[in-house]
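Take a look at the following structure, please.
Chain lettering (A, B, C and D) follows the sequence in which the chains are written, and residue indices restart at 1 in each chain.
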């Protein structure tokens, strides 16, 4: 990726390692990414690919048995990991906030939703009067189309869609420049999921914050994102504009596998294929390309070394020796 | 009762859950990993050994009153003598045996009751379960020791068996509640349904599918049951409601108190009984620490990842693998 | 609302159960124990009183149903019979004199144990894995297994007879007249000190460990991560977000804790000759004073039941999921 | 549907649950007067969101939840109310696999231990349990079988667990398999495998399958016919290959739009769009979709529409499709 000074989020060669009973598990393995203001980056991958760990690392919220062992993450040019604890607390949410997968478990069950909302302002803007806070929260709720009367409710009294709307309102409360959204619609029904996606798009167009949108659903991500990064076994295997993933462009075999495994409604009778094999075992990672045991195009080179992200013709970057080779063959005619 | 009808519509899940602990013998594996549990187990086995070998290691007959009274510890009388001229050490050894017998016996009775009242109806559900749950809750809130005192007072002269029965009959409720809630939660799991669908009888489902999955919790409640029974026995003995012709940790305390050990400054007479209970109880609680970690994975001591250590380990790992 | 009605219903059912246990127990025992008592007090009691006692304990040809009816109607009149030890003082009178002492002692001790144990539990969870957590959890494991009577005797031995720091018996200096004077209060507190410690220390461990484990459980919940992300300080995280949730299971466990304390109180009052219901129960048992014993058991049980009912209400206040159920 | 091939039929099935609400105990009705039939060798998709009652319907068909009213017929025999003993016989013909692959296997037993009992119980005297196990593991692609047999559930991937659950169900040699969201907890890349396995089992073993899901595209992919459920009611039933073009119910339309990420536009204070649980109450008389329906008229909240035949194997329950809607609103 080229150096860029306007980037709001810059992830440089980041590795995050978990200490598990079985051994070290590199959940994020030498990942580099950049995100421009106002863009939406889709981060796609399956369970255990490291996408949520990356999100936690950006927020500085890694669990106690995990650590960022390599690389640097800056948000708006500032490195969370060099800040003091109070400075980090003040920085977080004001500059980078987060929407979690399920607001049912991220909202405290015994505190009314409104009180938890107010907390954001009492922590970050203690000078604000209660009435001001109140007015601000109501504005925010109207923006996400929730009636302010629900502030008195507890989280379990709201429907899944309403909770997620509240979570979005909380995330934009301090007008952060970046919001991490970790599977924000996965727990919702199809119809509600699509409504929330539209809500996110609409609000994003008003507020122009940047988003890292994490999901396991490549189709959903290509619907909402401007750029997409596909992760496999802690590494980014493909990166490019979202448009690429809707077209018949050349893809990493894993990405292609994901695209082929989702049933579409288009066409008469379509076929779907799954990616053969099992998800990777992070503790006992294979040498070379982590995907090679499941890859039909794998050859010796893939076992020997891990491929790097390289540019391909149609504006994307792919980490795959097979594609590199095809690329070369085509170049030579 | 405040029994809420679980909504059948809550089936949807938020995402993959952590896999439950996958070992039937998880409660045994604890001994390999948990230092506290190991210490507890060693002390526990020590007491068992003392109880089994009591006739061999006691130096005198515990009821022999021929020694000079109120002697402090000496080479002849390691723990000194009582106001009646008995050897405290021998009393302690024999007391260990009868205290453990009453403790284990009462726990056996209360456990059988707890299984019958807590687990079995919970599996079947319906009105029987509701009645039994209410029954359990009632016994849970009616204070145990006073109830035992009243029962023991009516019995008049207790012997070992009646003590066991009284303690067992009054001490099952806590365990029944634990077993019930476990059974209810396990019986709703898909694998239990699947077993039924494959034609397993209810008995098989209960014994083969449900019970092995709650062994750790069951063991934990058993440990506390034993502790509770021994404390109860000591309490009854102390009030003069026990088997006063027998010798147990509780009766040692009773005679020490009644014989004026406190006034006479005979600390050696006072300590063994109480310490026996306390140390034995501690061994049970220590073993329970380990079981807690089996049933509740979050309690497992995850080493806080130090960035330096992990970085080093990570670099070492990368150095090994060909890049 | 439904919840409160439910709990009230349970209170009534369990109270009825306690009453019935009281009725059945002497009748269930082989070789009716009441007969022994009657023969023992023959001569020292008036024939009328003896007859009343015979009726009360089923030494009669009346059917069980009739006996039960009599028993219940007597209870409803507040008539618990007449004590044999303190003949002819009514049992209710003795209870009225002793219950306040026990409620004061046990109540204070329970609250201290619960609050202190819970606070230390929060601390231990916070310092999890460090030396102070290890020290606190292991040491309270030991103290939790100490029998009340043993600790009581040790304290009596060391701080009472040995060092003379505290009075060794009774609830107040007998030369003083009970009243609300400061001096009197002082002796009450001084006398209650050792008994209270004896009840608090063994009880601490349970609260501590329970709270510690609940806290660790809760601190792993997603809403804690969320609150951290919002910028909530560690202090507020512990107390505002985690502790309240972690407290809920502790509250439900209160029933068992109270039972434990009450058991301890009986033993402790005996040791310190503290004039509460426990001491009276001991007296009643030693003297085979069954009317007094029954009355005391009933009152002890009912007090515990009422306390549990109140704790259930507290629970509803703490947990909106219970409170709001049914309001929508 | 061809009557002669009919395997399982439900007539006006009703399942109710008690719910505590204030001082009243209310009744909710997650399965409300549903009639359906499954032909031998057919895959029937049941589609609906959470709260639609689709899981309850599946459990009722599997004999796991009792039916309050209506009747259930298996191969012409009334199986509406079975004793425990009869149920066990029923379960040798109807089996179920579950959504939660993390809880569907007993965590403490190896694959072989999990599977020996069901195989043994249903095996013919001439068969060896080992052979049959081997055979079933092969069929479901659990290879290498020797390694898989000795694994504990937590050593298997989600997809493998679901396969083991399928083997367990197949051991009973059922005629009908009820699959409740069998892939929704699996990784996307592995879902197709399980769906294809189910389709293959239908072809190779002549199984009929009821496939329950919230994911319309996957149902369209695998099923022959689709029932769409909302609020405990059947709102549309249609052949899968005709659904995209011919479906008429507003809710089915909405599901289709959501699957294509199209938004017809939502209201300013949407209640979050989730199913309003009050439409499940037995006291509710209107169309369950009325509170969310963009074209709802007066009649929709007062009268429940009945299923109207729209064509071969196609019916829908909507006032807008009968004359009554126009008469009321227009």
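In this text, a residue touches a chain if its C-beta (ideal position, glycine included) is under 8 Å from a C-beta of that chain, and two chains touch if they have at least 3 such contacts.
The structure presented is a predicted model; accordingly, all values stated were derived computationally and were not measured.
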Fill in the blank from the handout: Most heavily contacting pair of chains is B-C
Exercise for the section: Report the chain closest to the protein's overall CA mean, measuring from each chain's own CA mean. Expected result: B
Problem - Computed distance of Cα centres, chain D from chain A, in Å - result: 32
Exercise for the section: Averaging only over C-alpha atoms, locate the centres of chain A and chain B and give their separation in whole Å. Expected result: 48
Completion exercise
Here the gap between chain C and chain D, centre to centre from mean Cα coordinates and rounded to Å, is 53
Fill in the blank from the handout: Multi-partner residues in chain D (2 or more other chains touched) are 20, 50
Exercise for the section: Give me the residues of chain B that touch two or more other chains. Expected result: 4, 12, 15-16, 304
Completion exercise
By the touch definition above, chain A meets two or more other chains at residues 47, 102, 105
Completion exercise
chain B contacts chain C in the complex at 1-2, 4, 36, 134, 137-138, 140-147, 149-151, 153-156, 174, 227, 231-232, 234-235, 238-241, 253, 256-257, 261-263, 265, 267, 270, 273-275, 277-282, 284-286, 289, 292, 296, 298-299, 301, 304
Handout entry: chain B contact footprint on chain D (complex, rising order)
Key = 17-20, 30, 50-51, 53, 55-56, 59, 62, 64-65, 84, 88, 91-92, 95-96, 98-100, 102-108, 117-118, 121-122, 152-154, 158, 165, 168-169, 171-172, 185, 277, 280
Problem - Complex contacts: residues of chain B adjacent to chain D - result: 4-5, 7-9, 11-13, 15-24, 189-191, 193-200, 202, 204, 209, 212-213
Completion exercise
Per the touch rule, the chain A residues reaching chain D in their complex are 46-47, 145-147, 158-165, 189-195, 197-198, 216-220, 223, 254, 257-258, 260-265, 268-270, 272-275, 278-279
Practice task
Enumerate the contact residues on chain C facing chain B in the complex.
Solution key: 3, 6-7, 9-10, 13-14, 17-18, 21-22, 25-26, 29, 33, 36, 129, 137-138, 141-142, 144-151, 153-154, 156-157, 161, 205, 213, 216-217, 220, 255-256, 258-259, 262-263, 266-267, 270-271, 281-282, 284-286, 288, 290, 293-294, 296-297, 300-301, 304-305, 308, 322, 325
